[in-house]
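Heads up, the next two complexes both have chain A, just with different partners, chain B and then chain C.
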Partner chain A sequence: MNKWLPPYLLNGPALVIFTVMLVVPMVMTLILSFNSFDFYGGIQADDYGWHNYLEVVKDSYFHEIFARTYGIAVAVTLICALIGAPEAYILNRMSKTWRSVCLLAILGPLLISVIVRTLGWALLIGNNGVINEMLLGIGLIETPLKMMFTTGGIVVALVHVLVPFMVLSVWTTLQKLDPQVESAALSLGASHFVTLRRVVLPQVMPGVLAGSLIVFALTASAFATPAILGGRRLKVVATTAYDEYLNTLNWPLGAAIAVILLIANVVVVMSYNRYVERKYAAVFD
Partner chain B sequence: MSFLTLQNISKRYGQFTAVEDFNLSVEKGEFVSFLGPSGCGKTTTLQMIAGFEEPTMGTIHIDGNDMTHVSPNARDIGIVFQSYALFPHMTVAENVAFGLEMRRINKPERHQRVMETLELVRLADFADRFPKALSGGQRQRVALARAIVIKPQLLLLDEPLSALDAKIRESMQIELRHIQNTVGVTTILVTHDQAEAMAMSDRIAVMNMGRMARLGEPFEIYENPGDSFTSNFLGSTNLFQGKVSSVNGNEVSVDCSGTEVRVQGTSETGAAVSVAIRPEKIGLVEPGLGFFDAQVRTRIFLGTSWAYQMDSDLGAFNVSLQNTGHRAAGEGEAVGISWQADAVGLLAEG
Partner chain C sequence: MKRFDKNGSLALGFNLVFLVFLIAPLVVVCLVAFTDKGYLSLPRDGLSLRWFVEILDHPEFIDAFWFSVYLAFGSATLAVMLAIPAAIATARYKFPGRGLVMAFFMSPLMVPHVVLGVAFLGYLSKLGWSGTYIGLVACHIILIMPYALRLVLASVTGMDRDAEAAARSLGATKWVTFRRVTVPLILPGVTGGWVLAFITSFDELTMTLFIASPSSTTLPVRMYQHITETIDPLIASVSAVIIFITIIMMMILDRIFGLDKLLVGK
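== the complex of A and B ==
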């Protein structure tokens, strides 16, 4: 028997599912994105061209949406790194019991459905939400603070759900550290803070960068949270594609937006990964 | 006053006592080894000197100052950790420079001292490598360079050579001793390898179960170990158990399973004792001409010497004979056993 056959047979079921569920829809979306569209006639079957892409590239309306999406992604990634890395460090130093408790609290957001969690945030930050009612009640403000339907609100809610990915990623690298390396820095006269900055942080940097990659990719393509907390007007790329499909019924344009988002994400993630690998190849195994 | 003084140091972890009532004075420039079996508290003691563990009781003085509760980064101590603990994200030169940077030494001087020290450990050509790209022996020398470049008052070495193979270890021992002589820094070495302790130290502190069993110069404690633990731990020792049959001034006669053995020492008639003799101090003579006869059970050739296992009325024991180029007694042969009068020691049974 051909020695290549068994591996292919074993992979068969997975390959079939992968092809049917992922490759086919992607290719169909790609083809669709080149179709032209007419408001009265719908999708023009045999008319292909670059016009959907040109429309997205030329229209400042879409520029703003893409800029907002990547702005949110960068902000969420930075905040997750700033919160997640220290969190992981503290977690790593805790006693076993406390660590389990805190880990559960950190992973908690992942256990709740994204819709429920986001609606929870809406209850909290809405104009008649808990926070505003409270601040009004104690007289700190006179008109409700606008937090719902703002980029800030979206960023906060996304950080909430994505920070566990950062914590876990940093924590794994922390566990590989030799505690004696910290002792060595202390014995050479470094203060605790300098040890943290000069010795611990550079060593967990690969973990921070890997976590950033996950957080960035998930934020850039996030849908439910921006849809609920951003409302109709504050759009990101994913919600715009959705609206083109379901409201305007301009499927080809929606497909083109989705394809651009995908390509942009792949480019960012790949070049970032390349950079990280090159930077640390000489230092770590 | 001594440079480093440990006074009645004890360390408890809950109910468990890791180190108990440990006393030691080390002179400036001296090289002292802590020698003992695994788990006897060597690392714990070293960690207390370094400041990473706080003693439950007792005080630590360095150069006359009470350092018992001073934090590790204010003690001015160079440490080489068992795992080397190099900074993996820094080059060799950056690793060595770190301690100087912490002391705010300006760049030109820093560079000069780093290169001098790397020269000393013969790693000048490796200055720009990362630790990942070094061999075990090279990493160890980087760790050493990093510890001595700051010119610490005290150098602590925690089994620094244990990860190396025998050949490199021997050359590193010589090198380490040479560097220590050059720099003249007071040094404490932790090891469970008795040959290493013997080869390198001015004095050895033998530890057993959290206590100091014996302290002295290598030759002195090898020749007069004092108790059977130290005696056995420092090289091997044959012990013949017996009862004192008579005491005649400074000479004790011991009845070992019917054979009379004479030993220098003091004891009382009827006391249970052990007669100790090292394998290399036993000589083989014609059967009947020695103190007693024995039979060769096994014989192993080791190059520089022959290792024998003997059977006799006194029990089994070992003999080590220099290889002088002559054919030695073979397996199954009967031989007479003799030794110099001062080669045997008397150990109280306990």
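== the complex of A and C ==
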């Protein structure tokens, strides 16, 4: 028997399912994205071209949507890095019992559906929401603040949904560090701030970068949070593709938007990985 | 007083604010669920269970819950059954394309769920499987395979193979060795992978939104449809029930596997 046969046989079932259920549908979507569409006749079977892509590239309506999506993704990633990395550092210095309690509170929400977490934010920031109710109650404001259906609201809620990934990523890196290096810097007379900046930060940077990648990719493709907190007006790429599919029923255009989103994500992830690997080649070897 | 850790008071203050930020939205959902009013409000004049009772009058949520359970159970079980042989092949054999096969199975993590939804919607309607249980299971298997595979692979890689060799040299057949030695040894990883796959399938909204039909609606999809129409105390009480169930499950999981191990995947 061929010595290479067993591993292929073992992988066989999963390979078949993945080919039939992932490769074929993705290729069909790619083909569909080149199809033309007519509002009266529907999808034009034998008419292929670049027009769906040209429409996205030319129309300022889509420019705005893509700019908003990636703007939100950059903002959410930066905020997650700024608050997630310090939190991971603090966690790492905690006593064991406290750490496991805090970790439970940070990781727990990951197991709760995004829709529940987003609903929490809708209840908090809505016009009749808890925050407005409280501020009105103590007389700090006279009319409700508008936080629902704003980009800021979407950003805060997405930070809430995604920051656990950043904490997790930085914390994993911190665990590999030798705590004595930090003690050495301190005992040699470096201040706390200098130690953090010159000793700790460079060592956890790979963790911050890996976490940023996860947060960025997930924000750029987020659907539920922008759909609920952004409403009809503040569209992002994912909600636009959804609307083209299920409201306008222009499947080819929706498919083109989906393909662009996928390619953009893959390009960002790959080039980012290459950059990080080159910069930290010494760390990964 | 004994110092709890090496953090200063500023750091502990930051930690407190961070935790409040993470927990506040979930607490608010639970509080609003206990309101006695007919509209969204904190329960200031006393707690009431009226909105939990109200769930019983909305069988669409209960039906959706059970459909989600069946869907997650079926797809997690099948995903693990595909992941075990794939993990054994990757951990124990050297073959051309080994890294590529692994990357292929992990690739759904890179694909935005909305893209998967778009692709599956077109595909299922071509196959005539739109809104069927089998169609949804097939799509969910692709989605959750990376989570199942990662934990199963970790346990197969970390397994002590001497026990298998001992069983074989004592005359056990290959099948008996697999069933009586290998399976018990990798069982913790397999269970962990199954649980994580189950949760991922149960919570998934975006992709399922494209492929669900009125007769095959999962709980997150049902909730999304409700929220886009109206946000009322009923949806808060449904969410509160989900939060309670998750907390109980989380405690059990933390006891058995350690939550950080399950989510970091080591």
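Just so we're on the same page, the second predicted complex is superposed on the first by the 282 of 285 C-alpha atoms of A that agree within 3 Å, B and C clash if a C-alpha of one lies under 4 Å from a C-alpha of the other, contacts with A are read in each partner's own complex, and residues count from 1 in each chain.
Basically, a residue touches a chain if its C-beta (ideal position, glycine included) is under 8 Å from a C-beta of that chain, and two chains touch if they have at least 3 such contacts.
These numbers come from a predicted model, not from an experiment.
Contacts of A:A255 after superposition on the shared chain: chain C is touched, whereas chain B is not.
Of the two partner chains placed by superposition, only chain C is touched by A:Y245; chain B is not.
Once the two complexes are overlaid on the shared chain, A:D178 sits against chain B while remaining clear of chain C. In the superposed pair of complexes, A:L107 makes contact with chain C only, with no contact to chain B. By the document's definition of touching, of the two partners only chain B reaches A:G189; chain C does not.
In the superposed model, A:I65 lies in contact with neither chain B nor chain C.
Chain A is touched at more residues by one of its partners, and among chain B and chain C that partner is C.
Of the residues of chain A, not a single one touches chain B in one of the two structures and chain C in the other. Against chain B, the residues of chain A that register as touching in their complex are 178, 180-181, 183-191, 194, 198-199, 202-203, 205, 282-285. Contacts from chain B toward chain A in the complex involve residues 50, 52, 71-79, 81-83, 85-89, 98-99, 102-103, 130, 132-133, 146, 150.
Residue ranges of chain C in contact with chain A, taken from their complex: 4-7, 11-12, 14-15, 18-19, 21-26, 28-29, 32, 39-42, 82-83, 85-86, 88-90, 92-93, 95-96, 98, 101, 104-105, 107-108, 110-115, 117-123, 126, 138-139, 141-142, 145, 199, 202-203, 205-206, 209-210, 219-220, 223-224, 227-228, 231, 235-236, 239, 242-243, 246-247, 249-250, 254, 259-260, 263-264. Chain A meets chain C in the complex at residues 4, 6-8, 10-15, 17-18, 21-22, 24-26, 28-29, 32, 83, 86-87, 90-91, 93-95, 98, 102-117, 119-124, 126, 128-130, 133, 157, 160, 163-164, 168, 172, 217, 220-221, 223-224, 227-228, 237-238, 241-242, 245-246, 251, 254-255, 258-259, 261-262, 265-266, 269.
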